[in-house]
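Consider the two complexes below, in which chain A is the common component and chain B and chain C are the respective partners.
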Partner chain A sequence: MPRASAWTLGWLALAVALVLLPQALSFSQQEILVFLTINVLLVSSYRLLTLTGEWSLGHAVIMGVGAYASALVTKWTGLFVPLSMLVGALTAAAVAWVLSFPLFRMKGFYFLIGSFAAGEIIRLLWKRFQDPFGGAKGLKRIEPMPNLDLGFHHFDFFLPTNYYYFALVAVGICLWLMWRVERSPMGLAFHAVHWQDKLAQASGINVRGYRMLAFVLASGFAGLSGALLAHYIGTINPGSFGVEQMVFILTWAIVGGTSTFYGPILGVVVLTILNEIVLRGMGFEQARPLIYGFILILSVLFLPKGLESLVQGAMARWRVAAPRPAPVEREKQA
Partner chain B sequence: MSAPLISVDELTMRFGGLTAVDHLSFDVSEGTIHGLIGPNGAGKTTTFNMISGFYRPTGGRITFAGEPISGLPMHEVARRGLVRTFQHSTLFNELSVIDNVLVGTHMLFPPRLVAAILGRDGASRRAARERAEEALSFFGLHHLADELAGELPHGHQRALGMAIATAARPRAVLLDEPFTGMNGEETRRMMELMRKLKASGVTILIVEHDMQAIMGLCDSITVMSFGRLLAEGTPAEIRRNPKVIEAYLGGTPHAA
Partner chain C sequence: MFRNLLNGRIDRRRFLQSSATLAAGAAVGSHFSTKASAQGGKVVKIGFLAPLTGPVAAWGKPGLDGCSIWAEWVNSEGVEIGGERYTIEFVSYDDEYDPTKARTGATQLILEDEVKFIMMLGGDPWPAVQPVAERTGMLVSTLLPSDLSPETTTLIAPAEVHPIYNVTGVEWLAQNKPDLKTAVICAQDDALGLPSVATYLAAFEAAGIEVLEAPQLFDPATTDFAPVVTKLIAKNPQIVCLDTCYADYVHPICEQLFQQGYKGQIISCTADFYDKIIEKTSKEFMEGFVFQFPDFDDPALNGENINFRRPNEFYEEYSRRFPGEWGAVSWEYASVMDLWLDAAKKAGSVEPEDVLAAMKEGGVGKHAFGEAEWWGEDLFGIDNALVGEWPVVVIEDGKAVIKGFGNIPAWYNQHRDLLIKSMEALGQMYYQRG
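== the complex of A and B ==
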């Protein structure tokens, strides 16, 4: 079978599986599936930021900026919810753009701490200002997705299955956009900035400009994931986007690995299944953060390149078993 | 004589109380290979870093093709047609050889976000690839295009560094100690590549302390010592200059 049609078949099979997946799950598992879909976008957007070599501790707060902005816009203007989600994404990107001016005067560890401080300032603002952010209690009764009748199916987005389909489409589009960016000359410039910023700059690349661009793009996608979350659960508060959420993002990214596009997705899927289904099912409710931390330590010690390295190893063995000219794939994507 | 391509005027750099470069002036003519030499600690590399925009000078002026460039960041200097290389083998080791050179074509074909997402930049990507392959062929690296840059032998890594620097067709390149760590054969081959580059119309400024290679290669030489200009001239003049001999060899009348 030609390779192209094998790929098409594979994607088709994945799409069918994703559409049928909720049927095999219980109601509470369907809810988890919605969160998982949103988190796939969140952690993938985080990887987009790490492409230039910078790791941020403000990503969860940026996600919250999108959530708050979208929730407030629908409250004030009654804007159609999917559009207000886009406004939320743009707001998160704009806030990131403003923050990037002080933050990208720093690199590495200093950037990490700076991003944490900037995030905490935003979180304190949410807590401090009852109007409009609702203070420590946050926002309640956020406008839900309006129902949609497509003729063949009536979408009531209060049901997790339907919201899952909506999120799946939104996240799918975002992942495609991020993939296109990474495989473009722009993505090559991101990698160049990461691996050897001096040489990149000597090649005429505005290193700081590209770091800012990656930060702003990643923040836009994170903001959208926040908006998707807000209009599903209907209530958000400053605690929803705190350190704990940031630790989750970092754990997904580190356990999955960030050198491939699928690494962080692998991380969030595997850890969510482990966390929600296995641990909750086994009754370890209280000990879950402990076990999560333990997994992170084990992963750093014994699988420093993440789960993706297992996949890469398996694929390398498969290639040896069935040799074919490797460079063809690069040509096609270029 | 035509106006110089690179002109350094009263250039000064102080690090705290230390004056690394002290009112240095020299010119580089277009289409020549110009050497900047001197004993260790003479301020060559500091001068080099100021010309390329890596350091901001404490005082003085640098002009390139008549335009002041002192104090501009490195990518702005590069965009004006003056591109540097780095000491040792500074490459994108994790990327393939062709991707390394594609980064070098960045200035000729700046990426555009929306066009890249929609796939409307095919022509620009093809042109960048053609230019990258051309640069690889020029330096005899074409057969290595899909290798990882970090896995190349030393001599090839140095040639790749020059391919990256010249991929965007700069008017001048600054080479930082291009012969360090090379054996005789590699040095000979590297000199050939530089002559070829000069013949293609690129002006070359080399910072080096390997006298042998410099003498055989350069059209003109600037010698620095303790941050100041010591001598200027053709290789033959420099070889005979007693001040240079003393600076290098501590007075022994024996040219290197």
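== the complex of A and C ==
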């Protein structure tokens, strides 16, 4: 089979599998699937930020900015929830843009610590101001996604299956956008800023500007993931976007690997299934942190380049094993 | 192995083998400790949705351990509800004090495990569970009445009225140590800390004790308490109030108070694993420490007014099975189950709505510490908290001793306006939340 056709078939199979997936899961697994889908967007947006070589410790808080903004906009204005989610994403991007001025005066480790400090300031503001952020208890009874009647199907978005389909479409579009960004000249500039910043600067690339751009774009997508979460669970509080959540994002990215687009996605999918389904299902409820930590150590020891290295290895073997078409065939395919 | 490790002679394979054995051992142990034994007849499942891991686990895991003892005792005695014999089984889900996990857990417990009642710690996870409980009509209990609001009709707080019972400790201090006239308060800045701060502020004001400065709220991520304590005792207070700090904070704060030479009175909502605090400080330093959660080997719990089943024996059995793990919640979830079982027997049914109706019949109920009333309209907008007497506990010679019982409704009737003013000032009234 020609390689292009194999790819098309592969994508089609994946799409069908994602649509049918909830039907094969239990109620609680469907809930986990919703959160997993949202986390796929979150960790992918984090990778977009890391393309320029900067790692942030404020990404979870930026996710929270989107969540708070979207929840408050629906509360104050009654705006249609999907639109308020976009407002949440834009607010997160705008906050990131403002933060980027002081933060991108720093690089590397200093940026890491600076982003953590900026995030903590935002979190403390949420706690400090009971009005409008709800203080330490946060916001409750956030407007849910309104039900949708399409005639052939009534979508009650309280149900995890329906919300999963909604989140899947939103996340799918975002992933496609991020993919296009990375493949565009802008994405090439991000890579250049990461690997050869002096050379890029000498070539006329505005290094600081591209770093800011990656930060703002990544924050917009993270804000959307926060908004998706807020309107599903109906409650958010400053603790939901704290250090612990940030550690999870880092772990997903590191275990999955960040050199490919699918690396962090692989990380979040594998680790979530392991932690929430496999270990709980095996009855290891209280020993999960111990086993989870042990598996992380294993992965760092044996897969220092992340889970993506396994896929890269398999792809390389597949390329070698697959018979290459004759030159005439290749020309025809081209 | 450790000698080899120190000498650098252990290889990676052996390290991994040893670690895997350790992990598997711990995992298997934890698995079996959560199962209740089945004794035949019908099975009624009860959900336990609370943090079993993470920083708040001290208010979940000991409760599950207590429930396992309760279930064994009750099942061995035989449970008859509505003329049918039942075995009670607990199904636990670790919500990690995370709303997303709590929603998933509630869904699993209700729709897959088909439990008839869910016990929660409450707090941050509750709002995510609320819509699931509302849609399914599931009866849920919380240890934190601040979760209650007029909309939460199937949520009850039958074990503790946190943080209102803290007034009894302050009242006892004022009566028994009238020379103490100044206090300072510190608490973690979260949903547990703030309503408790409001309560202590009202209680101190009612007792005529001056709070020297605004309560010091520290971030829950704090690990270094030296600066917190230095600032706290800078004005030489006679009382240091630790509010409703988690065990992970109470211990290092006490250590710091000891190291920085504080010699005054300490009052706290909890003092879980206080023997460990004594080990890190001294018996003399902890002498007179006031808190609210007794050890159940206390003779004061053998009174006729106490409704908890065989408290001294329960404590003995708990300490035998889980040495050094007795804490504030070890008995609480079990006491909720006592109430549930009584109501189920009265209703002749295990269905949530029947049990709730039977539980609230007559507006009174059998609380662990005596007859109590269903109360809370003023503070929570709904009478779903069971409130009566609450013990005041003092550490004497290294051991927690009940010094008396304070009556919460009596205090409230006298100081209602103070408490509401204080709660409103911190935005903790039900109509101000969220």
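A few remarks follow.
Assume the second predicted complex is superposed on the first by the 313 of 334 C-alpha atoms of A that agree within 3 Å, B and C clash if a C-alpha of one lies under 4 Å from a C-alpha of the other, contacts with A are read in each partner's own complex, and residues count from 1 in each chain.
FYI, contacts are C-beta pairs under 8 Å (C-beta built on N, C-alpha and C of every residue); 3 or more make two chains touch, one makes a residue touch a chain.
From a predicted model like this one, the values you see are computed outputs, not experimental measurements.
In the superposed model, A:Gly151 makes contact with neither chain B nor chain C. Legend: residue contacts after superposition of the two complexes on their common chain; A:Ala200 is shown touching chain B, with no touch to chain C. Of the two partner chains placed by the overlay, neither chain B nor chain C lies in contact with A:Gly281.
Shared-chain residue A:Glu31: touches chain C; no touch with chain B. Judged by the touch definition given at the top, the superposed model places A:Gly134 against chain C, while chain B stays out of reach.
Once the two complexes are overlaid on the shared chain, A:Gly239 sits against chain C while remaining clear of chain B. When the two complexes are superposed, the chain touching more residues of chain A, out of chain B and chain C, is C.
Shared-chain residue A:Ala189: touches chain B; no touch with chain C. Only residues 177, 180-181, 184-186, 188-189, 191-192, 195-196, 198-207, 213, 326-327, 330, 334 of chain A touch chain B when the two sit together in their complex. The touching residues of chain A, when paired with chain C in their complex, are 26-28, 31-32, 35, 124, 127, 130-131, 134-141, 144, 158, 160, 229, 233-237, 239-240, 242-243, 276, 280, 282-291, 294, 297-298, 301. Chain B meets chain A in the complex at residues 52, 54, 73-75, 78-79, 83-86, 90-95, 99, 102-104, 106-107, 109, 111-113, 116-117, 119, 121, 124-125, 128-129, 146, 164-165, 167-168.
Against chain A, the residues of chain C that register as touching in their complex are 12, 16, 19-20, 23, 26-27, 29-31, 33-34, 52-54, 61, 92-94, 98-100, 103-105, 107-108, 111-112, 124, 127-128, 130-131, 135, 189-191, 193-194, 219-221, 427, 432-434.
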